[in-house]
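Chains: A, B, C, D and E, in written order; residue numbering restarts at 1 for each.
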Amino acid sequence: MVKTKYLIIGNSIAAVNAVEAIREIDRHGSLCLVSDEPYHTYSRPLISYYLGNKVEEEALLYRPDYFYDLNKVQAFLGDKVVSLNCREKQVVLEDKTYIQFEKLLLATGGSAIMPQMPGQNLAGVFTFTTLDDAQRVKKFIATHQVKKAVVIGGGLIGLKVTEALVALNIQVTIIELADRILSATFDRTASRIIERALKGIGCACLTNTTVKEIRQGEEDGRVGSVVLKDESQIECQMVIVAVGVRPRVDLAREAGISLGRGILVDEYLKTSVEDIYAAGDAVEAYDLIAKMPRPVAILPTAAKQGRIAGYNMAGGRKVYEGSIPMNSVELAGIPTISVGLTDPAMLADVDRRNSLEIIQDYRERESIYKKIVLEDNRIVGVILVNKIDRAGIYTGLIKDRVDVAYFREYLLKDDFGLLSLPREYRKHMVIGQGIEI
Amino acid sequence: MMEGLMSEQMYIADKDYRVPSGCGVSGIMNEAGERFSGEAIMCSIALMRERSNGLGGGFAAYGIYPDLADYYAFHLMYETDEAKRQTDEYLRAYYTIMHDEPIPTRKIKVISQSPLLWRYFLKPREDVLAKNPRLSEQDLVVQTAMYISGKIKDALVASSGKNMGIFKGVGFPEDIGEFYRLEEYRGYIWTAHGRFPTNSVAWWGGAHPFGLLDWSVVHNGEISSYGINRRYLQNFNYSCSFFTDTEVITYLFDLLIRKHELPFEIVAKILAAPLWADIERMPEEEKEFYQSLRIVYGSALLNGPFGVIVANSQTMLGLNDRLKLRPLVAARWGDFIYIASEESAIRQICPQPDRVWMPRAGEPILGRMRRNNLAKDPLSQEATAEVFEAGREEEGL
Amino acid sequence: MKRIVIHEEYCMGCRLCEIHCLVQHSKSKQIIKAYKGEFPKPLPRVLVEEQGYLSFALQCRHCEDAPCLEACMTGSLHRDAETGAVICHEDKCVGCWMCIMVCPLGVIARRREGKKAASKCDLCAGEKIPVCVQHCPNEAITFEER
Amino acid sequence: MAKVPIAPDFIVERDKDKCISCQVCCRMCSNDAHVYDRERDQVDTLSGRCVGCHFCENFCPTGALTVRQNPSQIRQNANWNQQMLTWVAKQAETGGVLLTGMGCDQPFPIYWDHILLNASQVTNPSIDPLREPMELRTYIGRKPDRLELAGGSDQGKGARLKNKLEKQLVLQTPILFSAMSYGSISLNACKSLAWAASEFGTFYNTGEGGLHRDLYPYGANTIVQVASGRFGVHMEYLKAGAAIEIKIGQGAKPGIGGHLPGEKVDEEVSRTRMIPVGTDALSPAPHHDIYSIEDLRQLIYALKEATRYEKPVGVKISAVHNVAPIATGVVRAGADFVTIDGLRGGTGAAPTVIRNNVGIPIELAIAAVDSRLRQEGIRNHASVIAAGGFRTSGDIIKAIALGADAVYIGTAALVALGCHLCQRCYTGKCNWGIATQDPFLTKRLNPTIGARRLVNLLRAWSLEIKEMMGGMGINAIESLRGNREALRGVGLSDTELKILGIKPAGEAW
Amino acid sequence: MNAAKVVNINAQGIYYRELNESIHQAVRNGQKEIILEQVNGQRYIADGLSGKDVKITIHGTAGNDLAAFMDGPTIEIFGNAQDGIGNTMNAGKIIVHGDAGDIVGHSMRGGKIFIQGNVGYRVGIHMKAYQDLYPVIIVGGCAQDYLGEYMAGGLIIVLGMNNNGSWPIVGDYCGTGMHGGVMYIRGEVKDFQLGKEVKIFELDSKDKKNLELYVREYAQDFSLNAEEIIKERFFKLIPYTHRPYGKLYAY
């Protein structure tokens, strides 16, 4: 039986940030961390870079290798929590280790969605969320000299994988169910810019379609092609399924913790059970833009939630104000950033949709696109393509709900900066103790 | 010998002790020649005490010596007995001294020190005049006054006209008046001056009025053209030994009126000449006249701020500079004409005048005796009043 | 910690801070060389914003709750334990620009020549006073305990 | 004649090897003398636009720039020089009056450089100012000729003053900052002066610019000026300052008024001067209510009446030929202090011909005024503040020994703030942020730095004055004031010595 | 009006300093109405005095620099006023039932000076308006030279009444150096009388409204018929430029 003051299940962004936050307050309280992956704190978004040989395996580390020592963490890596007893405040690991905790953080993250389809178990069909996934893909490519691959899902993960594969000289076809790629984060124009760029590096994007079946190729048990909804067939040696992730909530569900689409938490990131907190992709927290609780599975959110949860576990009292969905991704050499509500069409609420205002600057030849979505003179969404410098200023304006009426004419200017902001706000930003976002 | 008086060495370049001064002035004249006591003028000038600073005050009075009206009345100031001795000797050489005596004064607290004050009533000696046929009686008087003031150490001629006298000294004017017992005199013109010199060489001779023959001048302001006015006068043998603007003004009047025989009205237009722009607008003949005045008498133009009251036995004239940089107010009440720096100084002695007005720049206020002789018995004279106002009939402003 | 304080009203917009910052973060640390002979071209980590007559030199505020630290997916952005400064480990950075997305001041720049990396103020690690402050002729930026 | 450009006054040399095209010079030059050519990635210099303020030279990070006098010369001519040619050309072009800024730059004798100080040797001890008390405190204001006591025993025990002294200004060092108006100089320059005066315990003077609301807190160290334009003059203003100075004349332009051009009248200047934005602020040559000395008295007393006799009222006049009698008149008119501004006094704008040709050196004026006031027995009635071209503490101590109570420094203060005497104050393009209201430029003067530098200057000069006093065995400034025995002249004519009231070097007591 | 609040002072022979101290004293004590009898030339009356509701009535000849720097009170003079009244005045009102001397309202920034009779030289010189401070001088009679010299703002109205026409309504050099403000002259001004910087115009409707507003107040103060005054032809004098000396220099 291990007794610990703090127990963290998970070893990714939320977990690591929680560790650091706890240690800011409590240097000495015992802290255990359990992860079913056998790795040090690696950064999941980096796996596509790893795949594309842009970074070495060591560079995947999210924190230095002395992280556990520095923070006095007893890490149980490659060991899985099989049960959680909330009443006893105890977990049991796969290897039968019992851990008694005072405070628990569930940072179990998400798991890749694998839609049911024929041929899904063939060799050469992969999801792409963990380092293990990446290593498997990498090994497969190396062993089988993959020339052509199909990526199912034109979201961010799909496209990052695509980029990695392209870097490995693999010809990629992207299959997207929606009418365009990146439909969840971009509007039509931005999507089109990226589609065009992908085409430029030799990728095909097939939209409004889906894979009906994965077929075996000549060699036994390995992918040979995919068949689309319209019966057309695409030859490939590998299929990457990147249609999304869902919160990993099995453990919570079994322990009787309230769930929505993810683990439900209050503003202190506490679950329905006293002393049990949750953070990261597993959580359903308030989305400031959608104005409702939902999982926002992005890295900054996980980090922030991890920090706040850790802070509150160690006796602090910090409020998590909510998430703003955002993404920064460079695709086919084009940097893009999207924050918040980027396309009114995404909104179900028609009244609200109609109240939105859009200002934009699209320079087609240079593939530069800037779009700002305003609601009641406040920015609620931004898309920046190919001109992303100082994007965070918009993010700040979104978060602080700053009335931009008096300087909206400057918003799209290339030299838009703090000087365009109201003096007082600007001063607050520059002089204020620290800036939160 | 007389020429010696005018020797060039007298004319030191403008000395820095030329005394710019500000002041208050007041003048009263009865055009009918009716004489009245000095009390009024003392009262008037006293009201403007703020305009002076106790470093000079003085009065000119006309008609005060009716019994000795035929003789030149010389008011002398002596710092030493030796000065008096030399002066007496000098005077006897040219004049018959008909009468002489100390100028009566009274002791008052604020005036502790005064020079020896003496008055003479003089008649030029016939033999002297005969020897110098080109020298008029008046020229002789002028040269005498200049010689004494300029050459005899510690002696100074305060006034030298007939039936008039100048009473001046260091102090506030009302104190000077009291000191000289002016309430005991009666005259038909009185002018007064309260001085605000920018410095104070506490010098009795430096006080105003300045006098020569029967001229007296009280003046407020500073003549910026002093340097050239003085050099101009030197051409005509005036020696400016007092280094005051007032002296220069006096000589200019003497020169232009007595010697050049110009009327007061024209002299006013020389001293405070109209601007060229005004002359340009005049009818041709008038234009030519005024052009000529300025061309010939340019060096006599008094430039800079001044408000001046000039008197002689027949006239009292108030004049402002051409831009009216100094105040001057005039009033009339019956036969009386009043001129002062401030209206209140008039109202103090004449609460309800018939008319009060502010003359315009360069526009003379002229009070004149109605008949050319009143020295002896002013009351018997028929007189006509005439107030000249720059060719403008209506008094208006 | 000691921070760079901005006095906007006295920034004359000379950009000497940028120049000296650039030099400080160049290989040679010699101004003429840094400008005329280095590749990749060194970048200043301070940015002078100008609009009309207003200007000010802006560099990382090293926020207490730095959003860039939370957004950094590689862990290359970290807080220096000693100085409290937010530092970017440029070798580790992959140029995902998440930090740019969240930095409300917009003070993280993209280095595009050579290895892509986030380029930001490091308070001139090793200098007692950051060079931008040292060279600001008008004390429009000062280094103060805040 | 064809229109030809006027030869540049300066040549700006750019060392191409050193220039890194960083464009600091382009950004900084308000005269646009440096232009960046993007195509060639090079900076070019148009010397013709250079006014010689040396800002670029000071700011170039690689030292690539040197500003030099244009060496090009006309045929040698003892009568005509290059400058005169330039003047004539300019006037032929424009038909206008030549303007200039700062004090007279003509080679008239500088008497300070012909006056030497004394020091103690053997017969009386010198004092070490580092260890021993050394008093510079100075009181400015009217003093009675004698004190009358009331009560007290024969031995003076329990005696008290019958009358209180009139209000005095207390200076911790006999140096004040000259009148420089907000409008002619920037608010930051005014703030620098105000803060420094307040920190050091002396005074600055508003000039005829009104008092900006940010400066009211420094009222206790402010002399408010009332000049012919009466800009920003109202009761609040009059009451805000510690004293009032009526400005009659200014050394740089005796007899001349001033025009603050409309372009310098921005929102803030407008509010402070209380005139609409963009209108010329015209200060007439005379006060139109003062045409004579008794009028001056009238204004002095109007001000005293208005402020209920709570503020000393001084009068500033230029040093002109007649300065001594004028000063005595001013004192007699009721002034509590007289400021005399000499030939070399500065200005924001003056017709060149006036600045270069009118007035007399301050050295002679101090001596003449002090002598005259003493002759007339009224030296006690007012303090004398001298102004106009004090360059070092040496000049100041000599001025005090000649008879000044204190001195105003203007140009020296501006130089401390960065001024390089380019004499173009009137253009409003002062690169140093001093004589300008252009918001691009005014911010270049950080008043925190400005005030610090001014305080440093006052401190340094005060220390030097103490050192010199110590050397003379004097430990209180009043023992030096008017003590002309401490001075000796070299290379001066008898007349000059006489006016200065000092003996030639080599002559003992 | 509350009689107890009225202070009567006989000024005969009283030195100005004493007189003014009693005025200031009275105002400090909260007195709102002060009547001065037998004033003759005392200077500086009400200088620097403030208090919007303070009223001073003067019988006699008011001395120089009356109401200099005054900020609020009303002064009514039954008699003439000497030189320099309203010098650098900020607010308040001066009503003169008589003539006034030179330099009335020198550098005046606000308030009103109404004069029944004539005025001297340099009236309204360097007068200037600022925001809600708007100085107004109304002269019932004629004005002498240099009226509104250097005027930078505010309003001067000259009515030229009680003038049989032999005097010009204003003197020469009217509006010399004027660069702001406006003058309304009830009668003709010859070109040569004008300073170089001003021009004559007819009144427009706005001017007329402005004129009426002040003339009505003036008429009321002197019990005159405003309509009679207004019905005559007025001319407006305004400067050409706000920058009269902009081209004087060789830059």
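FYI, a residue touches a chain if its C-beta (ideal position, glycine included) is under 8 Å from a C-beta of that chain, and two chains touch if they have at least 3 such contacts.
Note that the structure is a prediction, hence the values are computed from the model and not measured.
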Chain labels contacting chain A and also chain E: none
Minimum number of chain-to-chain touching steps separating chain A from chain B: 3
Between B-E and A-C, the pair with more C-beta contacts: A-C
Farthest-lying chain, centroid of Cα atoms versus that of chain A: B
Chain occupying the middle, per Cα centroid: D
For chain B paired with chain C, centre-to-centre distance based on mean C-alpha positions, whole Å: 86
Approximate Å spacing (C-alpha centroids) for the pair chain D, chain E: 37
Computed distance of Cα centres, chain D from chain C, in Å: 43
Chain centre separation in whole Å, for chain D relative to chain A (CA means): 68
Multi-partner residues of chain D (at least 2 other chains): 298, 301
Which pairs of chains touch, using the document's own definition: A-C, B-D, B-E, C-D, D-E
Parts of chain B lying in touch with chain E, wherever the complex brings them together: 47-48, 50, 277-278, 281, 323-324, 327, 329, 342-345, 347-348, 356, 358, 360-361, 392-394, 396-397
Touch list for chain D against partner chain B, complex: 291-298, 301, 321-322, 324-326, 328-330, 332-333, 372, 376
Interfacial residue positions of chain C with respect to chain A in the complex: 5-6, 8, 47, 49-51, 54-56, 58, 61, 63-71, 73-75, 92, 94-106, 108-110, 146
Residues on chain E engaged by chain B in the complex (per definition of touch): 16, 40-41, 43, 60-61, 63-64, 80, 82-83, 99, 101-102, 118, 120-121, 141-142, 144-145, 163-164, 166-167, 171-172, 192
Chain B to chain D touching residues, read off their complex: 16-24, 50-53, 55, 196-201, 220-222, 305, 325-326
